Amino acid sequence: MLTLAIVVPLVVAAVTLAIPKRHEHLARPLAIVTSFLPLVVVAISWARFDFSTGFQLVESAQWIPSLGISYTVGVDGLSLPLVALTALLFTVSMVFPFDVLGKPRAYFATFLFLEAISLGVFLSLDLILFFVFWDLSLVGMYFLIGIWGHGEDAKRSALKFFLYTLLGSLALLLGILGIYLYTDPRTFSMIEIIDKLPVPAGGLAATLIFVAVGIGFAVKTPLVPLHTWLPPAHVDAPAPASTILAGVLLKMGTYGFIRISLQMLPETFQRFALPLAILAVVSILYGALVAMAQTNLKRLVAYTSVNHMGYVILGVAAAGAIGLGSEASRSIAMTGAVVEMVAHGLITGALFLLSGSIYARGKTYELDQYGGLAGASPRLSGIMMLAAFASLGLPGLAGFVAEFQIFAGTLGVFPWLAAIGLLGIVITAALFLRMIQQLFFGDLPARWGDWKDLKRAELYALVPLAALVVVIGVVPQWLIRVIDTFSQMVARG
Amino acid sequence: MNPGPLSYFLVSAFGVGAVVSGWLVFRTDSMLRAAYWLMVSFVAVGAMLIVLDAQFLGLILILMMSGEMTIMAIFMILFMMNPAGLNPMTMVHQHRTSIIAGVGSFVVLAFVGVVAEFPDRPVPAGDATVALGEELLGRSMLVFESAGVALLAVMIGAIALAAKQGRFGDAYDGSQEPSIDVETEDRS
Amino acid sequence: MTEAMGQAAIDILPVLILAGGAILLIFYAMFVSRALQVWSALGAMIVLAAAGFAAGWYLGDAPDVTFFGTFAADRAWLWGTLIIIVVTALTVALSVEWFQSDSRHGEYYVLLLLSGLGAVLLAGAIDLMELVVAMLLSSVTGFALAAYHRKSRAATEAGIKYYLIGALANGAMVYGVALLFGLAGGTSFEDLRTGLVDADPLALIVGFAMVAIGIAFKLGSVPAHQWMPDVAQGAPAPVAAFLLVAGKVGALIVLMRLVMVLPESGVGWRPLIAVIAAVTMTLGNLAALWQDDVRRMLGWSSVSQTGYGLLAVVAIGRSDIAVSSMLFFLAAYAMGNMAAFGVIVKLRGLTSRESFRGLATPHPWLMGALVVSFLSFIGIPPLGGFTAKLLLMGAVIDSGYAWLAVLTVINSAISLFYYARVMGPAYFDDAAEPRPLMGSLASWALGIATVAVIAIGVAAQPLAAAWQALVLLTG
Amino acid sequence: MVWLPVLTPLIGGAIILALRRSQMAARVASVLVMVATVAAAALVASLEATGTWSWGGQLDLAVSVTGFGRTMVVLVPVIATAVIGFAATNSEDDRSIVKLLVALTWFVAAMELLVIAADFLTLLIGWELVGAASWVLIGHEWRDPQRPRSAREAFVTTRFGDLGIYVAAGAIFAATGSLRYDDLAAVSPGWLAIIAGGLVLAAAAKSAQVPFSPWLFSAMAGPTPVSALLHSATMVAAGAYILIRLQPTLSAVGWFSPVVIGIGLTTALAGGMVTLAQQDLKKALAGSTSAQYGLMLIAVGAGFTAAAAGQLTAHALFKSLLFLTAGVALHASGTLDLSKLRLGSALPRVAVLFGIGALALAAVPPLGAAFTKEAVLAGAFHAGIWVGLGTAAAGLLSTLYAARLHMLAYGPGPTRDVHTPPRRGEMVALGGLAALTLLLGVLWLPGGDAILERAAEGAILSPTRAETILSLALVVVGLTAVAVAWRRGRLVTLGMPARTRAFIAGWWGIPTAARVLIVDPVSRLGKWLFIADRNVLARIADSVAAFAEYTSRVLKRLVERGIDGVVWGIGGATIQGAEMSRLADDRGVDGTVEGVASGIGEAGKQSRRTQTGMSYHYYTAMMIGLVVAIAVATLWR
Amino acid sequence: MIDILLVVGAAIFGIGVYGALSQQSFVMIMMGLELMLNAALLVAITFWWASTGGNPAGQLLVIVILAVMAIEAAIGFALVTAVYRSRKADITEKLKKLRN
């Protein structure tokens, strides 16, 4: 069943490309309808979720058994929420109206392709399969940014994105190979590796492998100072691609940190938990401070992604610091990190879509070009403010549920780092309030006299995100329970 | 086998001859003369082969190289821009580098020859040519055959490249890349 | 003796078929009219099919060492032969239209077959003399093929430059062979294995280094790599595709066989090859970075690919995946290269980077094939190049040369840059006018190559299983 | 059930929003919602209900209505009823009134959640929501660019305090794996100190204690009902409330008591002087709020939470009254400048109401506020003689400024006509609050102590005779002093130089200090980091690429030109150099220039000559490669 | 004896290298290459004579080298002819179309 979620979009992507030119307007409805299938799959998986075990709904097939490579997919408390997030974000990104520059077939085919790939990253339980999807996501995003990005710089940004993350992914590949070479019999199966932990702890090899995969994930996450590809990529990417980039692709980095660095090299992770946590705190503060200095809306949101991913890594580092703090603390930190991944996906996804809406109307991202939009477009302002408040961690919205757990857990593990990291909350509050103020309050500049509020199609994309942000903020039980099965296992060590 | 003093003398003499004539190849003014000095060098080596009990091979070498150098001379007279290859000429580049490389090669290889230990297993008495024949048609059959195929290939290749006229007229006709811009070609 | 000879001849049936077929074909080309010359291609195809069939037939029960220890017709050789045959066949398909205008092109196919034969012989050589002769056959036909466009300045220039490098490399190699012969007392690899154990290290090193130069020329690795960009740019495009690949297959296999018989204590061949690999891949990549001629860029990228391929040699004897990584590399690289050059052939030799701008819109399939081959070169999964690189890096890490793997990684990332310089504009720029194209035979060839690139990655299992336990015989 | 006080305003707010098309309905609904909330709160308080709401995992939201919470849960909607009633009737046709009413209603919901919270997570939720609601309320008039800025300042300042709750929550979780107040008892001393620290920080920020006090000034940017609600029973009250509620456990921490007293006393004194010096009626009231909360903190620190609770209740009643009447003044005269008001003659009835509030503020018996203040004073003396004296001084200050404010704002004066007299509904709201203020006088009756102790579930100390006399004497002194100053016409200026007055009135320069020391550096740091990010970090990657590019260009030249070219290049340069120095020798400076010029030209020729890409360079490279190969194979075995 | 032979071989090889590197004319370069092969030939027969117990492979190696000489010369002439016809060039300096 999970396989369907990967295969069907891929097949339909090919079909989309094959649509005759005169029927090319069918590409969008076809893609949107297809994108509901993964959602259905997620819903069924959620309903069938077994809280008593780890990996489940596993589907496996031989691929290259001679090399220990298999096609294995499955979910657990960590991946299921991320799969759900991915499926949802792709659907709304496709629903969101966007000028496809006269290439609807290619655009929606790329999107469906990327959806299948992204689902594959989170579903795969074989390192090579994981890596295959991982690298293909770069390719898909490269073309999305390059072809549909705006500005002359789009090509450059696309290349920068591709180059930078490819280098990271190749480092990851080295790490994967390192792990592989320790398995006996040779296998890439994640389940088996997590079960047997083949890499001898404490050795130089384990350190090197950890550093290699760490670099790979740190680039993707991104952790300061490996984040420099992110702002240009976001600024030049089209809004739906930014949503996917921030909402889905960044999660791959943090997912990898949990799945591979933490689960496959637990002792090494434990040794490196403190440095990692320090890096995370640096990212938190750095991302927030730099975001505060931005005058460009999209760049601002991009840097807050650096900040939020810092929260996630902080939680993950705390969760992996076996031996420090209580099991409860580590467990709640992990839960918080995963919830943050979901929350950030929804919130930042919404923020990027909204920046797209603003750009579509004003053709600029410069904040000082705007003002007083609250009166002209109450719906736009309302959803934007909701997303901004969720992003700054207001209770009742999704971000708070995540950040609270991360900090509550981390405080028991790295008290000082958590305390320093908390400052990020204040800075993000300041910067988002300033952003809201600049965009929506004050006087409406005369040239935006015919400013339009959100269209129906835009609302179709945004309302589900906003609603989920609220739902997770108020009744997160359904989500936390699923994640908790995983967190407790990890926290136990 | 202990070579006699005569062998020593002959080998040394022909050796010096081979080296000197080889050197003169690049010291002479005319390409034609160069070709003949080259031939002399080959003949000297051929003579050394004969001294070293490889009479058959030595003779082959001398005969072959005489022929080849004659062809080379004719070739130069026929084709090259230096009319008849007889005019004085020096056409060298990167002279210093070349000298360094040449001397360097000599020093390294001579060092290897003098210093390195090679097994001491002299050739037994007997008819070397017979042994060669057996080898040729026995163990190394494949090598021999492969060399034959290579000769065939070079004949085909050399004719394909050098022949001015083929069975279908001008060999150069259409021997180029397909035109990138077909329409232009059609129009013209 | 004769009986043994007969058996030996049967053992190398694919070789006989290729040689015999080539001879028959030259008679055909010599006597038929111009209009019928083109059917030589069909003849070549038939010969290749027969040889391929024979090679496939023997896969079940490989004859192994034959011809009195001068030739190793083992499974690895059969696989190498198959790769060469496929490459040759694809080249034939790409050539038919390309050479149509040439007044004489029957001989071309003969030369192609003989050149393929040279590479095949190279792959099985376990005797220094056989190595020299096979090298000669492969090179000499290559020189002629590269310069086959006699009217084209670029082609003849490529041909003679190729020749000059090859001749010097051969000269050095022959001297080295003589040295090794003197040290070991024989020319077969078996003799080398026994004879070189206590050999004088200095002479051994010099001798091996000189032989290595000869092999490096065929491989296109540093320091005899310069012909690759020239040939890629100047030679007829189908020939360039062929020459960049076929020789590499034979040379890589024979290099592996050769180093296996060298005493590691006497000559530091492993670090030497590692250094050569490192320099080759880095140099090739850096030089490719700013090329504005796509064919020349492919030539330089081929240099860097050679560097990757040498990783397998570094790992031989230390990692059990060395041989299979080599074969994966050869297969993936060969197919990727055929696909890339196939696209160029299909575009009638289009080569300037500028002319690729916006071509994705009028020619989506062609650019798609180009992207697939480029991504495979970079090592993006699940394409063949990825599987190859995965195994190569695994093999060197396994052998204690992790730094080479790191360097490979860095180089792969660099290589993305110059591939993207072609891919990016093709997709991101405004749509260009459609280009005149070659006929459908070229499409078939490049289509097959592209599918193969994907298949080697996605459906790698049959190959992986077949290559898993492969050993290279040395006598 | 226990959630009713939260849900009623929450859902009520939604109903009001739904009714936005009819302003009248919305206005009526808002009052009804508040009344319903009062009822719900009273019901819940009488039941002492508890409840939980599971968030899954290790997170449960726990609420309970116990202790002082029982009073507080009712007090909040009671005052809110008056304030919302005032707001609902105060403005004319104004489309934004609905938004204001909804925000006020939700604000109450958040505050109620804070009040009934029984664990730190729930507390934090309520705490932050109150802050966010205050942002909405303060920035209500968003078209004026200044107001959202003030709202942001207020929110960010209080959010900084919120970090304290985060820390406290994390600490209790780390120590016990639970977030409940009940489990505080089990916390080890080390963690408890951290929790106490976090809570004190949070309370100080929320209750506008030094050094966070100035945010209250920013909060003045909101409409009057907002100020009234913010400064009485909600928002600011949260800080004192949580300390009152958790004092029994927190007092186990050694430094808790002195620090809280210190903060409270400092704020009481400093804030009192700020109020005294203020020229703006609302800001003066804001300053007095800080000062009054300072008094409550003194009581908490001294351990007499009932006194603090009593003071909180009394203050909530009279301060909302004072703010609303200040609003009336603003409406009536269009200004809040104390030197220009004196509306006593124009609005005599309002003046009386304001007077009641002012008397309470001045702590004149027999008002309830006087009773609670004396209890605070008694507690302070119990904590130490200097604390007691300081508190007495703060009391004197409150008498002084209360009297001053009344005289200047609603004292008899020249103003006869006003733009907008208060409406009937407004008067009802004011009257209600005044009545409640007066009603609190029952505390003076015997048993007043007991009522407070029961209501707050804490201790109270009856003042000694000496203390009572002292405080009464101070009240008299204060009133007299104001009367004298009034007579002499110096009540506005207080005889101080304008700059000194402005300095004190501007909260002793704290806002400037905060801007110079915190806000500016942080935003500058952000800008610097951004510049560094763009110019350094991003450039590192770029420069790696650039280096590769450079190398490759060099190599590209090299491979084509041959390694030989380098040798030539170096050699040529050497020869050129030698030649140049010779020329320079021969011909002096001119020659040098000439030499350089010819050198460059020659170098250009040289490089052109070497850039041939000839095959013999390939040969050279091959030979070099051979040598290197031999070397590598020899050296590295 | 073997020393003399190997030194002579080395000398001829060195001269060949010098010629191949220094000459501009293709034909002259080829002469240098032929000299290198000549040296190899001498060395091969030296070893056959002194070090390998008369292994006939040594003689065959000489024949192989002779074949290499002939074949390379033949293809070399053909290429020079072709280049000369297409470019009217017989020295390396004139061939510089193919470069970066």
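Letters A, B, C, D and E mark the chains in the order given here, with residues in each chain numbered from 1 onward.
Simple rule for what comes next: a contact is a pair of C-beta atoms (placed from the backbone, for glycine too) under 8 Å apart; a residue touches a chain by one contact, two chains touch by 3 or more.
Please read all numbers here as calculations on a predicted model, not as lab measurements.
Identification of common neighbours of chain B and chain E yields C, D.
Shared contact partners of chain A and chain E, listed by label, are C, D. Greatest centre-to-centre distance from chain A is found for B, with centres as Cα means. Among the chains present, the centre nearest to the common Cα mean is that of A. Among the other chains, B has the CA centre that is most remote from the centre of chain D.
Of all chain pairs, the one linked by the most C-beta contacts is B-E. Mean C-alpha position of chain B lies 28 Å from that of chain C.
Rounded to whole angstrom, the centroid-to-centroid distance between chain A and chain D, based on C-alpha atoms, equals 32 Å. Note on chain placement: the centre of chain C and the centre of chain D lie 72 Å apart, centres being C-alpha means.
Computed centre separation for the pair chain B/chain D is 94 angstrom, with centres defined by C-alpha atoms. Among all residues of chain A, those that touch two or more other chains are 163. Within chain E, contacts with two or more other chains are made by residues 9, 13, 16-17, 20-22, 24, 29, 41, 46-48, 51-53, 57, 60, 64, 67, 71, 75, 78-80, 82, 85, 92-93, 95, 98, 100. Contact with two or more other chains is made by residues 93-94, 97, 101, 104-105, 108-109, 112, 118-119, 121, 139-140, 143, 147, 150, 154, 157-159, 161, 172 of chain B. Contacting chain pairs in the structure are A-C, A-D, B-C, B-D, B-E, C-D, C-E, D-E. Note for the complex: chain A touches chain D at residues 160, 163-164, 224-225, 227-229, 286, 289-294, 325-326, 328-329, 331-332, 335, 371-372, 374-375, 389, 393-396, 400-401, 404-405, 407-413, 415, 418-419, 422-423, 425-427, 429-430, 433-434, 436-437, 440-443, 475-481, 483-484, 487.
Residues of chain C that touch chain B in their complex: 1, 5, 8, 12, 19, 22-23, 26, 34, 67-71, 97-98, 100-104, 107-108, 110-111, 114-115, 117-118, 121, 127, 129-130, 133-134, 136-137, 140-141, 143-145, 147-152, 155, 159, 175, 179, 182-183, 185, 195, 200, 202-203, 206, 236-237, 347-350, 435-436, 438. Considering their complex, residues 54-59, 121, 124-126, 128-129, 132, 135, 139, 142-145, 148-149, 151-152, 155-156, 159-160, 162-163, 166-167, 169-171, 173-175, 177, 179, 194, 522-523, 525-527, 529-530, 533, 537-538, 540-541, 545 of chain D touch chain A.
On the side of chain C, the complex with chain A involves touching residues 375, 378-382, 386-387, 390-391, 393-394, 397-398, 402, 405-406, 409-410, 412-413, 416-417, 420, 424-425, 427-428, 460-461, 464-465, 468.
Of all residues in chain C, those touching chain E in their complex are 128-129, 132-133, 136, 140, 143-144, 147, 150-154, 156-161, 163-164, 167-168, 170-172, 174-175, 177-179, 181-183, 185-188, 229-230, 233-234, 287, 290-291, 296.
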